[in-house]
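Comments concern the structure below.
Naming follows writing order (A, B and C), and every chain is counted from residue 1.
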Amino acid sequence: MPNISFRVKKKYHLYGGASLTFLVVLLCLLSYVYMPHGPNDMNLALRFTSPGENPGYILGTDYFGRDIFSRIIYGSRSVLLVCCLAVALGSVAGTLLGAAAAIVKGPLSAVIMRSIDGLMAFPGILLAMMMVAAVGKGQQGAIVAIAIFMVPPFARLVYSLILDSENSLFIKAAKSYGVTRSRLLRKHYLPLLLPRLITQFTACIGAAIMIETSLSFLGLGVQPPHASWGLMLNEARQHFLQYPYLAVVPGLAIALAVLGFNLLGDGLNDLLMRRRS
Amino acid sequence: MNAVPSGPILCCEDVSREFITERKAVIGTPKKTFTAVNKVSLCIEAGETVGIVGESGSGKSTLGEILGGLREPTLGTVRFRGVALKDMDESQFQQYRKNVQFIFQDPKGSMHPQFRIKQIIEEPLITLKVCPDRAQRQQMVKDMIRQVGLEEETAEKYPSELSGGQCQRVAIARALIVHPKIIICDEPVSALDVSVQAQILNLLKELQQTHEIAYIFISHDIGVVNYMADRIIVMNRGSIVETGTAEQVFHSPVDEYTRKLVASSFAS
Amino acid sequence: MDKLIDIRNLTIKTPGGRVLVNRVDLDMEKGEILGVVGESGCGKTLTAKTIINLLPENLSWEADKFEVLGVDYLTAAARVKKALVGDRIGYVPQNTGFYLHPMIKIRDQIADGHILYKKRTPEQALDKATRLVSAVGIRDAPRLLNSYPWQLSGGMRQRVNIAMALMNNPALIVADEPTTALDSTVQKQVVDLFRQVNNDYNTSVLMISHDLGLVKYYCERILVLYAGQVMEEAGAEELFEHPRHPYTKMLIKVIPSLNIKKGEKLHEIPGHVPDLHQAIAGCVFKDRCSYRQEVCGREVRDQTIGSNHIFRCNFDL
């Protein structure tokens, strides 16, 4: 039993992470309902308005006089949708592959796990760029790239967890009364894995945001004129010495979103793992 | 009921099981393989209790797992009602699985921590396709819970909420619900408190009389085996060193090792 | 200093207020072998852990009196207690493996305490270790000292643990279920070893066990614990010949002996060990006791027979 102060501290992870995550989700929802200006509406008379200078443009405007606040709100869409979808795809594929490798064993298992090791050997962004090159620029490309990138961590996690619990007595007992492999996976392993998978999922979204923003920063993700945080960062590059807020605002948005998901993952891990022990 | 051929239900003939080990078991004697069970033959008749005694590493648990089909022997055959396990077709194997059940040493460990007690007891009915009707299954679970001396509310609980003795009762219910002919009990009371041990032993005996089950009772505690078993097998280093009735084996042991085992017991 | 251990009203609580050990008295004379028996959760291990100053940090203990080898635990500084335990008390654990560092050779860990507390050189210490390891019945001592714990069997490791506990010529050895993890043939050898140590060095042994057969065979005086309380305390012979407490009586009967007749039903104690979440009024054993009367739900008293036979029951049956 950990002492009290330790517990309280960990709870802050959960609450802090949850509120930041909630904020990002809220921004995403807001983009469908209300934005102060159209994210691509240019107002050339009001170029480079600093934050706070004009009450109509809270976070200022960029080179084309577009409202940064609206672009941040709109950009949360691609962050959230691309990342959630990609991690969801990646986690399902990874879980299935890992489970197959752990349950079937033999040569198939070796083939699956070694290819996953191979996949992990590639630097992340290089792999993502290769995927984008194969699938094409834009959101679909980013989704496929991130999804593939997310397969190895899930496959490895599931593989090792199943191998770990395979020797437990209740699995042996289940085999003794003839539980089939698929039932074993669905009814016995899955509930055991679920807390770990949820934790991993949340933490992976943090990582996915980093990749998504990097891809759009490199011009391989969301295409201009659409708004995305990475793209905004890229566009800010030319002017940010004079107008630092151009880079600070999207940078901060990315940092807070990643922090939020990571903290949430940490907090969930603590919550779910403790409940089990 | 189909006609049951007379004679032993479960037999093993010259079964051996080797494990590959690379670590040294005893100082200075490097071993590559370790023979856990060495050419053991054994038959179990309907309704009897065969006790297997031995110390850790004697191969008694491995033998139990081989008889129960959880491990394949490296050599030898296991026969259920005269048919070798290797030659069985799907439905025959299912019949074998249904008729040979297990009770393990650590009752809590043998149950999925996230299942409710009723799910735990019900599962063999589903997997062994004993009863396709859900309502009927639930009724059977209810009856079973009562039969093993648990209260009805227990059905909704999780294993972690029960004591060791209660969990072992659940394990007995799970084994019994498919009406097996044999239950292999692998140290069923050694993880339990002394004051509940007797309850479980008596329950097992009672159920044996009402359901006509044979037990293979594996234990290191000769006092317990003596109480439970009609016929006793003493194992040492994978081989059977002595067999006989409880009376013969424990009161006038012939083998050197059996004598040592009886002398070292505090159960006199 | 007449008494080796003198504990009055030891109570151990969790932060949540669960009372795990409830007003336990324990005293030991020099050279004595005292057995503490009880089932899991009865508080026997916690009591032992308090004596060796290793109670888990989240538990708190209090007592009216707590003296071990003349040191008053209620007032002594942490440093003094630590030195006492290291220097004069030997501890033999249940799990033979966890107590030895797996990656350090026996020779490099067996003498640590000796070097630290007796200020010896490693050579002197190793010399003593070699002698002790031989004394606990290991034939090839140098070879054993050169091996790693994982290369040894459980019985061997337990012998090493005992030798280690003996390094500083302790006045007291606390053995917590020392043979539970061992095979029965080895069990007896290890137990005999304790007896021999007691004989040769006049070391007192506090033996914690769940196995009545074992303590009967081996202890001079026995304390029976149940749900954190002492149920009965008496000399070994007296306890087994004339048990007074219903719990002890039944406990002796439930163990299947080799002399049981065929078809005879084993005595059983109904129910299970109580959960200590709530305080229990009156007798803690009343729910499982066949002699239960109304008064047991309200109160329970201690009775003394002869010089040292104490039991906690309202009746004398």
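As a working rule, contacts are C-beta pairs under 8 Å (C-beta built on N, C-alpha and C of every residue); 3 or more make two chains touch, one makes a residue touch a chain.
For clarity, every value in this text was computed on a predicted model and none was experimentally measured.
**Student:** Using the contact definition given at the top, which chains are in touch with both chain A and chain C?
**Tutor:** The shared contacts of chain A and chain C, listed by label, come to B.
**Student:** Consider the two chain pairs A-B and B-C; indicate the one with the greater count of contacting C-beta pairs.
**Tutor:** B-C
**Student:** Comparing centres built from CA atoms, which chain ends up most distant from chain A?
**Tutor:** C
**Student:** Quick check: how many Å separate the C-alpha centres of chain A and chain C?
**Tutor:** 54
**Student:** Could you work out how far the Cα centre of chain B sits from that of chain C, in whole Å?
**Tutor:** Averaging C-alpha atoms per chain gives centres 33 Å apart.
**Student:** On a C-alpha centroid basis, what's the spacing between chain A and chain B, in Å?
**Tutor:** Taking the average C-alpha coordinate of chain A and of chain B, the gap between them is 49 Å.
**Student:** Could you list which residues of chain C touch at least two other chains?
**Tutor:** Residue numbers touching two or more other chains: none in chain C.
**Student:** Mind listing the chain A positions that touch chain B in their complex?
**Tutor:** Against chain B, chain A makes touches at 168-170, 172-180, 183, 188, 191-192, 276.
**Student:** Can you check the complex and tell me which residues of chain B touch chain A?
**Tutor:** Contacts found on chain B: 68-70, 94, 97-98, 101-102, 104, 106, 109-114, 123-124, 127-128, 174, 178.
**Student:** What residues on chain B touch chain C, complex-wise?
**Tutor:** For this pair, the touching residues of chain B are 23-28, 55-56, 163-166, 193-199, 201-202, 205, 220-224, 226-227, 246, 250-251, 260-268.
**Student:** Considering the complex alone, what residue numbers of chain C touch chain B?
**Tutor:** Residue list for chain C touching chain B: 39-40, 140, 143-144, 147, 150-153, 156, 183-185, 187-188, 210-214, 216-217, 250-251, 254-260, 262, 265-270, 272-273, 288.
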